[in-house]
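Presented below are the structures under discussion, each in the form of structure tokens.
Look for subunit A in each of the two complexes below; its partner is subunit B in the first and subunit C in the second.
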Partner chain A sequence: MNIRFLSICLALLCAVALPYQAQAQDPLKITIDEGIIEPLPFAVPTFQPESAEAGQMASDLARVVAEDLIGTGLFREIPASAFISTVSDFNASVQYADWKAINAQALVTGAVNVQGNSVNVKFRVYDVFSGAEMGNGLQFSGTVDGWRRMAHKVADEVYSRITGEGGYFDSRVVYVSETGPKDDRKKRLAVMDYDGANVQFLTDSGSIVLAPRFSPSGDRVLYTSYESGFPRIYVLDIGSVSRRVLESADGTMSFAPRFSPSGQTVVFSLTTGGNTDIYTMDIASGASVRLTNTPAIETAPSFSPDGNRIVFESDRSGTQQLYVMSATGGEAKRISFGEGRYGTPVWSPRGDLVAFTKQNKGRFHIGVMRLDGSEERLLTASFLDEGPTWSPNGRVIMFTRETQGAGGSSTLYSVDISGRNLRPVRTPDGGSDPSWSPLQK
Partner chain B sequence: MDTGHYISGTGHLVFIGWLLFGSAFDADPPPFEMTEVSVISGADFDALVAAQQSPDTSTDVAQPASPDVPAEVPDVAATPDTAIEQPTPIQTETPPEDIAPEVPELSLPPEAQVDDTPPELDQPIGDVAVLVPDIAPEAVARPVERVAPEPVAQPDPDAAPDTVEQEAVAPDATGETIEEPQEAQSPEEATTEIVTEATAAPRASSRPPGRRPAAPQPQVADTPVETPTETAATSTTDADAVAAALAEALSGAETPAATAPSGPPLSVGEKESLRVAVSACWNVDVGGRSADTVVTVRVNLDRTGKIVGNVQQIASEGGTPAAVASAFQAARRAILICQKQGYQLPADKYEQWKVIEMTFDPKKMRVK
Partner chain C sequence: MNRILTSTILIAALAVSACTDPSRFGAGGADGVGTNVPQNGGIVPGSANDPSSTAYFQQAVGDRVLFEVDQSTLTATGRATLDGQAAWLLSNSDYQAVIEGHADEQGTRDYNLALGARRANSAQEYLASKGVPSSRMRVVSYGKERPIEICSEEACYAKNRRAVTVLAGGLTS
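The block that comes next holds the complex of A and B.
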């Protein structure tokens, strides 16, 4: 009772004292937790030619920059026919009111100078509604032949300044080019720009090739070839197009290779005596280490970005599921628990997600999940989708889609990790097994 | 003895409180006037006194003559008062007696006849071979839909979404307004969530129950557990009472009357209206790292509801510096784009909204 009396006295004192503490006036506070999801409208007037030879290239550069941004699904280009004012001088001040009137939220201006074989492109990005430039102007120099790469670099920088994350336009994709009917399909390794331009073939069609994988530095490719009659892993140098086989014992089959983040080690599957397990091999010395040792089929390993863990597929539980283990082997933890079968896991460059192929009820899906198996999202659904690969910034997934029937063909597709912007990748022939390179230096 | 301590302690606390906040109880001192005083000489004083003496009475004023009053008073005939007719009360009809409704007796429904034999299902149609053309059709990109809090149906085919924002034009008071024929326009089509190609498939697979360790079973002690003493229970109750009393006193500091600016507060509807107005222009990159970033910005508004000065970032939570910068840019764009002619806010409550802090939290958007 006494304590109760004391508490009442204390409360009275506080009640008298506290109103004197609250003297500052708080502003109105509101929380916005719902918005819209739509492409951001932007304008790219044709870049200004600063030399007589630069006219066509200025137009082409601006077009590639615009197409890169549109291709992300995050931007919508405002057609030039809607422009109220033009940009006739790269260094002149921008008439923001004219661009606001057509709802251009971002404006990209540029200028191109061509002298012989040398090209110089400079650009600026403006936030129209805040009336300020986003970052400083920047310029790139290169050769006439490399003008598309310069356009991709400009687009990467614009993308990065607006979204706050790295770009992926100045990157390449190695894939298996496919021609001919299904029962007599010719397969060759090919490499191209991320948007399907500049295709170059790396092998002939004399033998079946599978699953090419870029090295972290982008100068080498691992792939599996049936040239010897059995699947063997090869390392191919893109610059010199020279290759060598990674040795394995006779009577064994090695496949599904992938580089470690350091580029010094390869993780792959090896089948011996009817059992498939995961191994690593030091490329320089050829020394290999067995990481799994179960009677189940374990394959499709992929390193985490820090190189400490490996995600792979295994049917040790009775169905094909995804597991994560240490890069040195040991006990694996299952991360997929849904219906159907999971395969071909690939660790995101950001490190927070795993992309996979899922087969369920006769349909194939490309999906993503977190490393603990939560937040699984299926991004696609078709007769056959498989083999995801991440863009360098971890924002886009490219994969193979095959159509049904004897005349079905394989096509490369890309999709944003939100599930939006599903679109085919332009290739001269059919394509499968894509592998995205890191950003080019 | 304890009682004496408590009385002494309470008295000291009240005394200390009076010392700290005693000035709060002091009545305001009465107002007083100040008058300027000037010094004058004796001669001036005599002159002033002489000037203020009252004048002498010069003549007597004649009194007015009294009016003539007739001696006889005229007779006035008085009419007797008549009784006022009272209205006769209306006799109301006696209401009929309530009749108890007839309640049918409840009867149990007939027992359902359950047939244990499963129904015969139609046999599924077997796979039918479909002839596929040799040349696969050209792959077409899937259209990207607009996602907004409010769904908008597909526009009329004759109407085109307005790609160019047009400001409202005020009618000219002096001249005649000639209305030009306008093409039919409709709001842009929108859905409320991202619809992926895999929508028909289960969005997420349910995880099997984890292998949690078995919950410890309660152990039954052989010896009876002692009942807590009354002293312990009383102590707990008193401590709770102290905490409750303090919490109650402290909660008073969060009342709007103590912290709100002067003037009438904005109603919930007015706040919601502002929130919806800004939301309509907040474009969220749900797949980007800025979707994990919460930013808070401060804006100053003039009396017309337009932004004055710069939009200031005052806080952020989560994300890399680049993601924070991107999230802030998106928030700033939303505020600036949607202000148009000024946010529609009540003018009489300007003191309430002249400074606004807006927190942009995209967490709910990420799951769309």
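The block that comes next holds the complex of A and C.
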């Protein structure tokens, strides 16, 4: 995408930062964990074009900002047809009464300047019922090609100011794009913006590819490919789309890789003689360490955000269950005790939860639980849901949903960790095995 | 005249391909051109009635064994099939074998890869116990990635939970 943010200027648009004015109304705030029923109504008038070339961009940017907010399920947009005021000057004072009258609790205004290939976006967020600006005006600069990223950055700021949570819109997802029937499925790696825009294919469909995983800095992807005829782990550089296979002994299979938080180590499964165990490998040197050593299937390892522990699945008890061990191996503690089978655990970026796939009574679920196995919560149910990945802020989970029968196909879905706002993620073809990048810099 | 010449060339081409890739001279090759060729006791080289052919291995010996749900233990039927495979491999020592393990779609991707590996390994170990040299065998798991039946019912799942012995090489002279 070749985006450079030339400046991210905080607090520069207001000469004086206005403090929140004391009002009868509480300041605008969504506390996500308190069971929101009604999405918060907001208005995003088309941004102000500040140069002759900026007209289309001003309109497109405002649309993407609105779609990001609506997509969270926490916000509801008030259509422009209901507006009483128009915003014709980014610096003019806001007519709060006009926005209050249409029940717009939040108002986002913006202005766009396009000069050749460079774009500058300014925006402000208002708490209409408090009659105050939330935070200060902010501006982003970038390229015309990267305009969607600027919209996502604006939306991330708006979301953060209102919810108090980190944003997640300026992020990407690497996944497996799927075409063809179940008995002749073609798979290739693809990367896209979190909302399905800007899809780029990273491999051809000549060999099966599985389960790509982003590096902590978002520059590389680990995945499993049958390119050699046997499953092996590859590391791919997103920028150059060049790849190399990681060390593996002949006659073994390796799969289910994930990066450590440092990005220097990969944890993965290696199968030899029919037995699958968990190993780590230093990516640069290829030196590996065996972490589990049982006749059971040990797979789907995922590091804790501090890199000290690993959550994984094992059928050592007789069925698939979740376990936590030190990142150097040793004794593992079982954490899943509910009915059914548990697999594909993924540690949340906040460190407090594990997302997993649960199989029970012929149905599949995506769920979350605490690290001690308590507070298990199932977020979805279907014929086949699997493979959760966390949004950078730990609020949303994306996963694979496969439909039943001869015509079955895979689609990416996302769901809030409250279980609300289940929705498909638009991709040009079928999709599976998503992995969410960190927030882009 | 032209027709006969064409047939002869075609037969020659098939004979060459049989030297390098016996699987391409599979079940379908027996009909048509084959009937013009003088036969040795009615056996068409490479066809299902040629006991040293891949087609014979696939159809008469049986190239696959099936497994119960979430199991990698061989069934009595599976062991009988593998007995036949072992005997065939021992008398057709030019062939190498890749044993592919597969799972049905009811499971997570990673687990099914590991489960398919267990199944392929069960078959390989059994063949090895019957004297097939390990150096002639390799295993690979496809997990749930390569179903042959696509319905979401037990009738299909039962056929997808399999270990398939795929032959390579052979007839190297």
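Here, the second predicted complex is superposed on the first by the 405 of 441 C-alpha atoms of A that agree within 3 Å, B and C clash if a C-alpha of one lies under 4 Å from a C-alpha of the other, contacts with A are read in each partner's own complex, and residues count from 1 in each chain.
One rule holds for everything that comes next: a contact is a pair of C-beta atoms (placed from the backbone, for glycine too) under 8 Å apart; a residue touches a chain by one contact, two chains touch by 3 or more.
Please read all numbers here as calculations on a predicted model, not as lab measurements.
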item: Partner chain in contact with A:Phe129 - subunit B first, subunit C second, else both or neither; value: first
item: Touching partner for A:Gly274 - first (subunit B), second (subunit C), both, neither; value: second
item: First (subunit B), second (subunit C), both or neither touched by A:Pro27; value: first
item: Of subunit C and subunit B, partner touching more subunit A residues; value: B
item: Contacts of A:Gly330 with subunit B and subunit C, given as first, second, both or neither; value: neither
item: Subunit B versus subunit C as contact partner of A:Gly338, first or second or both or neither; value: first
item: Touched partner set for A:Asp183, first subunit B, second subunit C, both or neither; value: second
item: Contacts of A:Gln105 with subunit B and subunit C, given as first, second, both or neither; value: first
item: Partner chain in contact with A:Gly405 - subunit B first, subunit C second, else both or neither; value: both
item: Shared contact residues on subunit A - subunit B and subunit C; value: 181, 404-406, 408
item: For the subunit C and subunit A complex, residues of the former touching the latter; value: 72, 105-111, 113-115, 117-118, 120-122, 124-125, 138-142, 145-152
item: Contacting residues of subunit A [partner subunit C, same complex]; value: 181-183, 185, 208, 210-211, 229-231, 251, 253, 255-256, 269, 271, 273-276, 297, 299-300, 313, 315, 320, 343-344, 357, 359, 362, 383-384, 386-387, 402, 404-406, 408, 433
item: In the complex with subunit A, residue positions of subunit B that touch it; value: 2-3, 6, 9-10, 13-14, 17, 20-21, 24, 130-136, 139-142, 144-149, 163-165, 188, 190, 194, 196-198, 200-208, 238-239, 241-242, 245-246, 248-250, 252-253, 258-262, 266, 271, 274-275, 278-290, 298, 311, 319-320, 322-327, 329, 331-334, 336-337, 352-353, 355-365, 368
item: Subunit B-touching residues of subunit A, taken from the complex the two chains share; value: 2-22, 25-40, 73-74, 78, 82, 101-103, 105, 127, 129-130, 134, 160, 162-165, 181, 336-339, 350, 360-361, 363, 365, 367, 373-382, 395, 401, 403-409, 411, 413, 416-424
